[in-house]
Structure formats: C-alpha cells, structure tokens
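Pasting a structure here, questions to come.
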Amino acid sequence: MKRDALSPANWTPRTWAMAVGLAILALLPGYVELTGATFYLDLASRLMILGIAAVSLNLILGHGGMISFGHAAYLGIGAYSVGIPAYYEIHNGFIQIPIAVACSALFALITGAICLRTKGVYFIMITMAFTQMVFFAFVSIEEYGGDDGLVIEMRSEFAGLFDIEDATRLYYFIFASLLATLYLVHRITRSRFGMVIEGARGNERRMHAIGYDTYRYRLVCYVIAGAICGFAGALLGNFTNFISPEMMDWTASGELIFMVVLGGTGTLFGPILGAAAFVLLEEWLSAITIYWHFLFGALLILVVLFWRGGLYGLVDWIGRAAWRKRS
Amino acid sequence: MAQALLTVEDLYKSFGGVTATDHVDLQVIPGEIHAVIGPNGAGKTTLVAQLSGELRPEAGRVTFDGRVITNLPAHARARLGIARSFQITSLMLDMTARDNVALAVQAHAGHSFRFWADARRDRDLADTALVGLEEVGLADRADQTARIMSHGEHRLLEIAMALATKPRLLLLDEPMAGMGVEEAQRMIGFLAGLKGDKSMLLVEHDMDAVFALADRITVLVNGQVIASGAPDDIRRDEAVRRAYLGDEMVDASGSAD
Amino acid sequence: MDWTLFVTQLLNGLQLGVLLFLLASGLTLIFGIMDFVNLAHGSLYMVGAYLCATLAQVTDSFVLGVILALPLTALVGLAVEFVVIRRLYARDHLDHVLATFGLILCFDAAVHFLWGAEGMAIRLPAVLDGRVEILPGIVFPTFRLLIISVGLLVALGLYLVVTRTRAGMLIRAGASNRTMVSALGVDIQTLFTLVFAAGAAMAGLAGMMIAPITEASIGMGNEIIIVAFVVIIIGGIGSIKGAFLAAVLVGLIDTMGRSFLDTLLKVFISDQNAETAAPALSAMLIYVLMAAILAFQPQGLFPPKGR
C-alpha cells in the first residue's frame, strides 16, 4: 500500500487537487489558442506569479510561524531588479534574475537579522515597517519614476536561448518556475532543515534545550523565502512590463498573507489555491460593483472568524465525503 | 573525590524582591544522581533554568567538564552535553512522538543546514528515534501526534528527547510530576536503570523516588542550600527536619522501613 | 543655517509628533491590555476626519464639527469592537492582523460609498486660518499651533487619568500584567471596551486635526498607521510614556530629515549627489532609527514588565 503512494489510486484528496490544478494550468494556453480568450492567459500568469510569492511566504509563515507582514517588499525588489537594468538597456535575464534573487536575499538577511531578534507582534510590525521603508525609498527616487513607476521597454532576454516576449512563452516560463518552486519548497520542508523550522514554530524553548540555535535556522529560512519571492518579483516585472512602488505597498503584503491563509497555511499547494481564489474573486467581485473591496474585506473577516482551515480544508472535507460514499 | 562534572559556585538570581537562588554551591560528580529537593517556590526550577542556560544568573559561576559555561546560551550548553526535561511538559505538540525524538537525535548529529534529503526517510534518524522511544516504552505510540498523548506519555517523551541528545548530564525537573503511582514506579525503575551511566541532577517532590535513586541530596529553602550530603545524613539532619521535611520526612522513612 | 526655517520645522515636527501620539497611545494601550493588534486603527483616523468634515459643513463650524464627531467616532469604534474584534481576543496574532486588514478594506470601501471618491476639505474659521508671529521674525500657522496645543493637552489629560485615577491604575496594571488584573476580579472586558472607545476617539481626533490641512481622503490612515507602529515599537508596546517620547522623536526626525538632510549631506558629498540621495534617505530615516534602537533594545525604549 505504502509503496504505491505514487499511483493515482492512492492519492489523497490534496494530491488530486494539486494534480488537477496543475493540469488545468498546463493546458490553459491550448484552450486560449482555440477560443482566443487571451484574457485568461493574463489572469493565470498573474495567478501563478502571486502563487510563487505566496508559496515563499508560506515557507516562513506557515511552516516557520514567522508572521511577516512585509513580504511584498521582495516582489518590488525583484521587479525593480528587472526594471532598473532595463532602464540602462541591460536586458539580459541571466544578469537581471540573479540580481533580483541576490538583492532580495541581501535585504532579507539584513532586515531578518534585526526582525528575528523580536517576537510576536513586534515581528509583524517591524517586517511591515521595513517594507514601508523600501516603498518610500523608491517613491522618492525620481530617476526611476518615483511614485509613477517605470515602464519596462523589453522583457528579459536569455542570450538567445529562449525568449519570453510572446505571452504564451512567458506563460510557460512562469509555469515552469512555479513547478520548480513547488518542488524546491517541497524538498526544503521535508529536509532536516525543514524539520528544524517546523520544530521552532512548535516550541522554540524546547528546540533550544535540545541544542538548536533556532535564530540561525530561522534567518536562513527567511532569506530563502525572500530570494524566492524576489524571483517572483522579477517575473512580475516581466509580466506587467511596468514597475511601481505600489507593488510593495503594505496592503500588497496583506494580500499575500490572505492568499496563504485562504489556501491553507503550512501546506504545499494551498497557497496556489489561495492565490487562484484571490485573483478570481478579485476579477469577479470587481465586475459586480466598484465597492468590491467591501465584499472582499468582509469575506476576509468571515474566513478568519469561521473558516480557518482554508481551501485545503474544503478539499479534505470533499475528499472524506466522497470516500464515505464509495465505501 | 572524583573530578566534578558540573560545579556551581556562588550562584545568585533574584526576581524583583524575591531571591530565587541565594549564593548556591553544588557539584555533580560523574555517574551520580544528585537530587535537589525543597518546598514549593524554593527555587529548584530557577536553578535548573540557570544550569541549562535559559536564565542568566546575576552572579556566580557554572563550570561543566572543566569549562566555564556561565554565559553560554541554552543551545550551546545542550551541544556540550547538558540535557533537560521540563517540569511543565514542553514538546512539539503538533509533531508525532517519533519526530519529536528524531529532532533531538538530529540535533546531536551535526548541523541541520541540509536542505534536500527527506529527513523522515533518513534511517539514521528514524531508527535511532525508535530505539529511544522503545527505551521509555513508547515505541507503539511512535506515529501518534504528541498532542493527543496522555500526560504520563508526555513525561516519558520528555525523557526520551533528553536522552536522545546523548547527554553527559541530565537535568530532570520533577520528571514524575502529575504521574499516577504505577507510572511513577515505572519511571523510578527506568531512571534507576540509567544510574551509573548518566550523571543526573534530579529535582523531585516524591520522597520515595528521591531516597530510592539519589546518591546525594541537596536541600534548597528560599533559594539557599540548607543541607547537602548522603541520603542518610539528610534524613537525620535536624535543620532539614525543622525547615522542610517535617512530617513528610517521617512518612517517607516510615514507609521505607 | 536658516534660523527661521529651523524653528518652523521644529514646530512642524512637534505637530507631526503629537498627531502620531494621538494615534499611537490608543494602539499601544489596546495592545498592552488585550494583546490585540489592530491594523484598522488608521481607519478610525479616517472616519473621524470624514465625520468632522461633514458635520462642520452642516453646522458651518469646525469646532462644533469636532465636538460632535468625537463621540460618533468613539461609537464607531465601539461598534467595531462589538461586532468583530471581540470575537478575536482568544485567537493568535495572525488572525488579528488578517481580520483587521479586512476591516480596513471594508472601511475604505464604505467611505468611498458614503462620501464618494473625492476628498473632503474643511474650512477653518477666520481666527484659526491665519498666522501668528511667535518669535521676532518667525510666523507660524495658527491652526498648527492649535494642533500642538490640543495634542499636548490630550497627552497631559491622559497622563493624569492614567496616573491619578482608579481606571488609570487598572489600565496601567493591565498593560504590564494582564493576568494580575484579571486576578483582581476586574471585568477586563469592560475596561478594554472603554479603552478601545477612547483610543478610537483619539485616533479620530488626530484625523480631525489633520483634515483642514490635507483634506479627508480615502486611505488617509493607511500610511500614518505604519508610522504609528514604528512609534510604539520604538517606545515599547504598552507604554504611554514610551509612545509619547517616541512620537515626538519620530515626528522631529522625520520632519527635520526631510528639510535638512540635503544640507547636511552637502557637507560630505557633492551637491548633486546629495540632492539625489537626500529624499530617499530622509524617507528611510525613521525606519533606520527604529532598526538601530531595536538592535540594542529588542522590546523598545520602555519594555513592558512581567511579560
């Protein structure tokens, strides 16, 4: 039984949800090709980019118990790492993307070293404040458009190996990035390192007592999450062809947390479900009324009050119901 | 006398007006079980916390195996070979019993900056963890989430985790707290089995356990050491009888006879 | 250096400081007593501003507008506490921030619905609209002086309440040691509801004070609330004294940085470089200050005791 975990007959509802979700994403461009509804391609690209960001946030928030309210900073840093070189006519993605990842990691290292010395609500507020710092810094740099942002004339080029100028190619580039991120995070959370992170969330005092310097492990985890999100930011810059400080507005950080919680904290695919639900709801509600933020906010409150299991909880529930029927 | 494994000199700690540790001197010799007893609020837990590195003393010195560790943080002391159990159970409640112990094993197996291989499929960790659980009689509960285990099982898991780090010194803070008579007997038997093998500082209220296990006893009252010596001397000590043991002492020796 | 400008900016910094204090004191007490993180505190700032703007229009008097809007803002605060926040005390911080983040979205949309997308200006009475010469050669807007005085008065009032009254004693005790207060048999829920309402009123007051200068606008609270967070982090969560000192410090440093950092930088680097770097640096200044303080005092300048 156990050996066959890979065969679909033994998949859990969660695995099914993930498989179906990824299959839909993989096949979507074909559907768009047939129907010409390019709108869906845009929607799904954005969804996947935010999904990658949410997965990275989930690594620290869900697995590590570090409630960062500043994760959008890395989206911004990543996007500017594409935009600023492009502004100086450097379009090489092999330069831009490493810059995005390195700058994000560095920012995470410096701020994380300070934030992680604090606990609880201090941590929440400080992560928020540091992101606001970057936000204001970019607002006040006139050279790169300040408040108004900056248009990226050309997407990243990868030395002629492949290019993402075309929407479908960009889509698959993002899709591949998503798969890679999921796999990476899957490995990390199950590794020895991941166990320590999980343990430190559960009981830091005990972890100290058995010999872990949890601060160092958490800091590394924080840096990894920042680097992944910086990468997502580089994708976002390429996708929107436009960057502005608004990407790292603190409400953007709040939205990322919402995605994680909506999908299910501490799960692998939950944040992607959360990002999908978020993006779709946003589309749907904003078509109904210009006051859609009210509905959105109310939904958020209701989810927190009554439905903390997230969408994954729903998947489990449906799975159990189906199973009961079968037997 | 053999070279002491742990030496505490002139340790001092206060909380606001309360002096919790009042110039305490104490030694643990390799292989011995050194019991620390005293009434509620005597400062036993505070003493353990300073030895394990969770609290910093205001004055005094702690030496472990010839090395001054007074200013080392808890995790560094744990790596040197000092393990503790908590009076109030402190576990990773959302993890399985096996994962709890495996984490302790892993802590002892070098650094954990290993990001790729699946830790749960790591035979070294899983098997050693299972052996640890077997030792305390929890092997059949290995895949149970700690949260749903009973109080007695929690206490055993605490001990298993402490032992899994292969410590040279065990600091046990009331390992039998809240246990039923039978469970307590099992724990006493288990600790007796470790005797000679591991050095222990044992804080305990249960006098049967203390007199059954201890090689030496230190009595703490209001943060001060009022007596220290072999169990028989402590039994006879006038100051101890007066200040602390009183009726309980008579009961304990009575039932022992 | 220009002496007049210096004094003027010093006063502007003080004005920002007292506004921050009005926001931060409520936040810090709410957190101190209930361990509750309220992101939506800035929404009450906005609601206060809008209510005041409308009432000032209706009554044709700014002062009446403030007097009427204060209790109304407190009522809004009470309603929010009753409907949402009360259900969240037993939850963890993640739930607090998420739910109150949802509240912000609701508030912004509701204000949009009720008052429209345009901001609302408030006309000041002639007495307040002018300038006065406070020192020879230094003129300063009368209304800003009023803001400073109101802020300082509220701070003084709060100080007296907290140090001299029974309720204040309980608040102080609650902010530093919650369990002890519950053990005393005090109804902590009632105490907290009162503090929440008072905090809402103070945040609203801050909004009313700034609206004549900047207009009431949607989302006006969302930026300043983060600065208020910086203030309570620096001051030490739960400490009113810390909130006051940190608020004035942050107000001064932010304002002075924005006006004089370029001058200062020109001493060290080329004029041109200084002019490009100064805006970004001065925008970051208070956060750097926060980071520096936290590096030495992870719990702020006046850390809570017994937690």
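Going by the order they are written in, the chains are A, B and C; count residues from 1 in each one.
FYI, a residue touches a chain if its C-beta (ideal position, glycine included) is under 8 Å from a C-beta of that chain, and two chains touch if they have at least 3 such contacts.
Worth saying up front: this structure is predicted, and the values here are computed from it rather than measured.
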| item | value |
| --- | --- |
| Identity of the chain that, by mean CA position, is farthest from chain B | C |
| Chain with minimal offset from the mean of all protein Cα atoms | A |
| Centre distance in Å when chain A and chain C are each reduced to the mean of their C-alpha atoms | 32 |
| Whole-Å separation of chain centres (CA-atom averages), chain A against chain B | 44 |
| Distance between chain centroids, defined by C-alpha means - chain B, chain C (Å) | 49 |
| Contact set on chain C toward chain A in their complex | 31, 35, 37, 39, 84, 87-88, 91, 93-95, 97-99, 101-110, 112-113, 222, 226, 229-230, 232-233, 237, 276, 279-280, 282-284, 287-288, 290-291, 294-295, 298-300 |
| Chain A residues touching chain C - in the complex, by the definition given at the top | 61, 67, 69, 111, 114, 117-118, 120-122, 124-126, 128-130, 132-133, 136-137, 139-143, 250-251, 254, 257-258, 261, 290-294, 296-301, 303-305, 308 |
| Residues of chain A that touch chain B when the two form their complex | 187-188, 190-196, 198-199, 202-203, 205-214, 217, 220 |
| Chain B residues touching chain A - in the complex, by the definition given at the top | 52-54, 73-76, 78-79, 83-84, 86, 90-95, 99, 102-104, 106-108, 112-120, 122, 125, 161-162, 164-165 |
